[in-house]
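Note that subunit A is present in both complexes that follow, paired respectively with subunit B and with subunit C.
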Partner chain A sequence: MATQQEIKESLETFTENYNNNDRLKIMNRDWNRVVVVKATDVDSVHTWVLQDGVLKLKEGEADAPDLTVISDSETLADVFYGDITPIEPYNDGTLRIMGSEDDITRLDFICLMIWGE
Partner chain B sequence: MKRVVSVSLGSTKRDHKVTVELLGEEFEIARMGTDGDFNRALELLRDLDGKVDAIGLGGIDVYLFVKEKRYAIQDGLKLMDAVKTTPVVDGSGLKNTLEREVVRILAAETGLLKKGAKVLMVSSVDRFGMAEALAEIGCAMTFGDLIFTAGIPYPIMTVEELEEIANKLLPEITKMPFHLVYPTGKKQESQDEAKVQKFAHFYHNAEVIAGDFHLIRRFMPSGMQGQIILTNTTTSDDIEFLKEKGVGTLVTTTPEYGGRSFGTNVMEAALVAILGKQWDQISAQDYLDLLHRLNFRPRVVTLQA
Partner chain C sequence: MQLKRVLTLRTVVATSAGLTLASSSFVAAVLVANYVLGDTAWIAILIGGALCFLAAACFSELNGLLPTAAGIRLYFSRAFNDQVSLVISLLYMLIVVIGVVGVESFILSQVLSEAFPAIPPYLWIVVMLLLVTGMNLRGIKMAGVFQDVVTYSLIAVMLFIGFFALYKVGFKLNAPLSPGGATGMIQAVAVGVFLFVGFEWVTPLVEEVTQVKQISRGMMIALGILSVVYAVFTVAMTAVVPKATLVASPAPQLVLARTVLGDLGASVMILVILATSLKTFNAGIISVSRFMYASAREHVLPAVFSKISMRFFTPYVAIITLFFIGLLAAALTMLTGNYVVLVGLAAAMESIVYTLAGLAVISLRRKMSDRERPYLIKGGYLVPLLTALVFTLLAVAVLASDISALLYIAAAFVVVLVYVNTAVPRLKKKYEARKPAARRRPARAPEGLESK
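The block that comes next holds the complex of A and B.
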């Protein structure tokens, strides 16, 4: 099990990697979305706001997110630190993502673009 | 008579059966859709195994080639693994050979592909050979893989960047459920209206639109102005659709049988049946030699006067 602090640090790492990637920011200039990330086994809820290509992280839950990512703390920390990709836990049901199929696919592509850099 | 069947995840509306003669031998070539029903496709494949001479997998790729690297789509492998006896192919072997050859023929013998022509490939990782061949003759390329697969409005302009991004994404994307990255079943009969509007400028700005026909169709806007479509699988209904949109010329890489051009997987299955070898023992040169013996030529259809 990961701690609330570890999840927070993994999300901060992901945010920093995203914002340091100029190509990703160009790719997502048109995609303004709110993404909530929740852990199932520790008290941890964070919200990403992607606006004009720039990603910002804050603690707490947004009212009407476009995407909600839910998993156990260990999986969340592993995914957002880049130790594992989201595809396998998504396929086996460990990681659930609620939102439109198009948004889910795009989020997967963004994650993979970050780790491959 | 030899029997070749293509089992497709696509719509049953495109089912078709023809008898053709290839190198003096009669072939019954059939296409069987499953409307995106993966389990139905598995059943059909198990049922056909051992009863036909070769099987093609349609509506899904199994192998994607990026230069020397090969990536396997997991859902495609599951389908392939259902067949134990009969040779089964996905068209990727033939694509890499035939589509390079088609580009060469179009550039050398027709005025349809010229240096500097603006070409949009809606998806290129499924036909990297065509992408490379078009770039090699000097076309101004826009690779739309991120645009039309992931909805990311980022045109890739060089083969080098395409290769870099493909090698980054494909190891994991190939593990995703296939329907998330490609229209299967009923989705093949409709257009994604939001993306048609959002991405219309990519189509309108191109002189040639190349690639998988289901993707081309799903995102094609109205108001095309005589563009050339370079693809493979089309039916007579598809030709009407292209005419209505304002497309000028249709070029299919596979020949017409009974009013339509079959998918590359079907043609590869037929070639495998002729060659009588296992797929992994067939070289690109085997295909090329056979294509020349069969006098395979791209089909060019003028749609607007």
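The block that comes next holds the complex of A and C.
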């Protein structure tokens, strides 16, 4: 089981890598979304706000997110550190993402562009 | 916590019905009518619809238990194993795409070349597929409201033409209650399943509704509406036009519209066919390209299919590949002219998937007995068992009556099985070799050392 701190660090690493990628920022400048990331086995809830292509991470939960990513702490830390693709735990039911199918796919595209295959 | 954007029941119904309504559905409707005597196709269609309710109940339970856009890929992997899930998912995508695109493009080309004889039929296919491929490459999606309007308009047009045709013959039907022998009826019901192919493709929307039960309700309502609409329209076709004429035509709906409403009716129906086929091609390309992308991301298809357009965020390699598969399927169908075999093929595959859905419900009730089920089929194992039994029988009935369909499905099964057992392990091995040697996630300090 990963700790709340590990999840936070994985999300910060992801945020930093995203914001260092100018191409991604341009591609997402019109994709303004709120994404909540929640762990099922530790007390950890974070919110990403993607506004005008820039990604910001906050602790705590947003009221009306566009996407909600829910999984166990280990999976969340592995996914956002880029050690596994989100599709693998998603297809085996370990990772749940609530939101539109297009937004789910876009989130995976972003992971792919940050971490590669 | 509430998601910002949620879908309404109206859109869930329209999506389920819209994915099902295709121009090729009417070819299947005529095949159904041809297996039974007189104007009794409505009986087979209503039975087919009622049987699909059983499958819908199974999908509702699976969808509530495992709410995911991955659909059967996850249900079957949890219920059986990953290999079964992969083989069936790949086979399903392959057969339904080739079957539906093949029949749909054949019908469309025949209809349009009849309206515009100077243009070669195959050119229409190329233009239509290019249009849909272009839209998908650029990430242009038909708006939800537009899809709702198209689907509900189509249903209204079918009901209007159907009732108007019946009114013209004074609602006089030929032996509407005497379908003939049991064999013909079983075959009619089996092919009738094709009329409802795709109703369950609405399950990926589960993450976009407020309650999981909305998906089940939407599927059931869509099945109810479709059963009635198909029954009315098919009986109208056989009551007004001789069956031999309908069977000989790739677009029997056009024959009926022209017979009862003249050139105006034919023009309206051509527009309807055009809109329906565009919608079907579009839905097919969206679903299957996303499936190919996801499969490439989990290393069961070559990595090239996970390539995405930097400008439009779309899986362009998967979309372009589907364009060529569509062209090939259309070319082969036009060359052989045997579009009917594709209807049987898709109906049989759909029946196999419904059979497995029934078995998956039974298996998951044992494997995941403690998990909460927002939708639980009443009556214990009766409905899932009945689903598995009935759809096995229907798959056998379709394949026994069409030996070509049996050969194609067997060949496709062998190819997919060999692929899953030989190519997939290689792809996974290749991926493992390419993976960074060290994990990016920092190693955790052993317990007790953190405080030192």
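Basically, the second predicted complex is superposed on the first by the 116 of 117 C-alpha atoms of A that agree within 3 Å, B and C clash if a C-alpha of one lies under 4 Å from a C-alpha of the other, contacts with A are read in each partner's own complex, and residues count from 1 in each chain.
Rule of thumb we're sticking to: a residue touches a chain if its C-beta (ideal position, glycine included) is under 8 Å from a C-beta of that chain, and two chains touch if they have at least 3 such contacts.
Everything numeric in this text was worked out from a predicted model, so none of it was measured.
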Clash or fit, subunit B versus subunit C on superposed subunit A: clash
Contacts of A:108 with subunit B and subunit C, given as first, second, both or neither: both
Partner chain in contact with A:97 - subunit B first, subunit C second, else both or neither: second
Touching partner for A:30 - first (subunit B), second (subunit C), both, neither: first
First, second, both or neither for A:77, with subunit B first and subunit C second: second
Which partner reaches more residues of subunit A (counting touched residues only), subunit B or subunit C: C
First, second, both or neither for A:88, with subunit B first and subunit C second: both
Which superposed partner A:64 touches (first subunit B, second subunit C, both, neither): second
150-158, 240-248 or 330-338: stretch of subunit C that collides with subunit B: 330-338
Where subunit A meets both subunit C and subunit B, residue numbers: 23, 27, 85, 87-88, 90-91, 101-102, 104-106, 108-109, 112-113, 117
Subunit A to subunit B touching residues, read off their complex: 23, 26-28, 30-31, 85, 87-88, 90-91, 101-102, 104-106, 108-109, 112-113, 116-117
List of subunit C residues in touch with subunit A within their complex: 1-5, 66-70, 73-74, 77-78, 141, 204-205, 207-208, 290, 293-294, 297-298, 303, 306, 308, 310-311, 313, 431, 434, 439-442, 444
Subunit B residues within the subunit A interface of the complex: 146, 149-154, 165, 167-169, 172-173, 175-177, 180-181
Subunit A residues within the subunit C interface of the complex: 6, 9-10, 13, 23, 27, 34, 36, 61-66, 68, 77-78, 81-83, 85, 87-88, 90-93, 96-102, 104-106, 108-109, 112-113, 115, 117
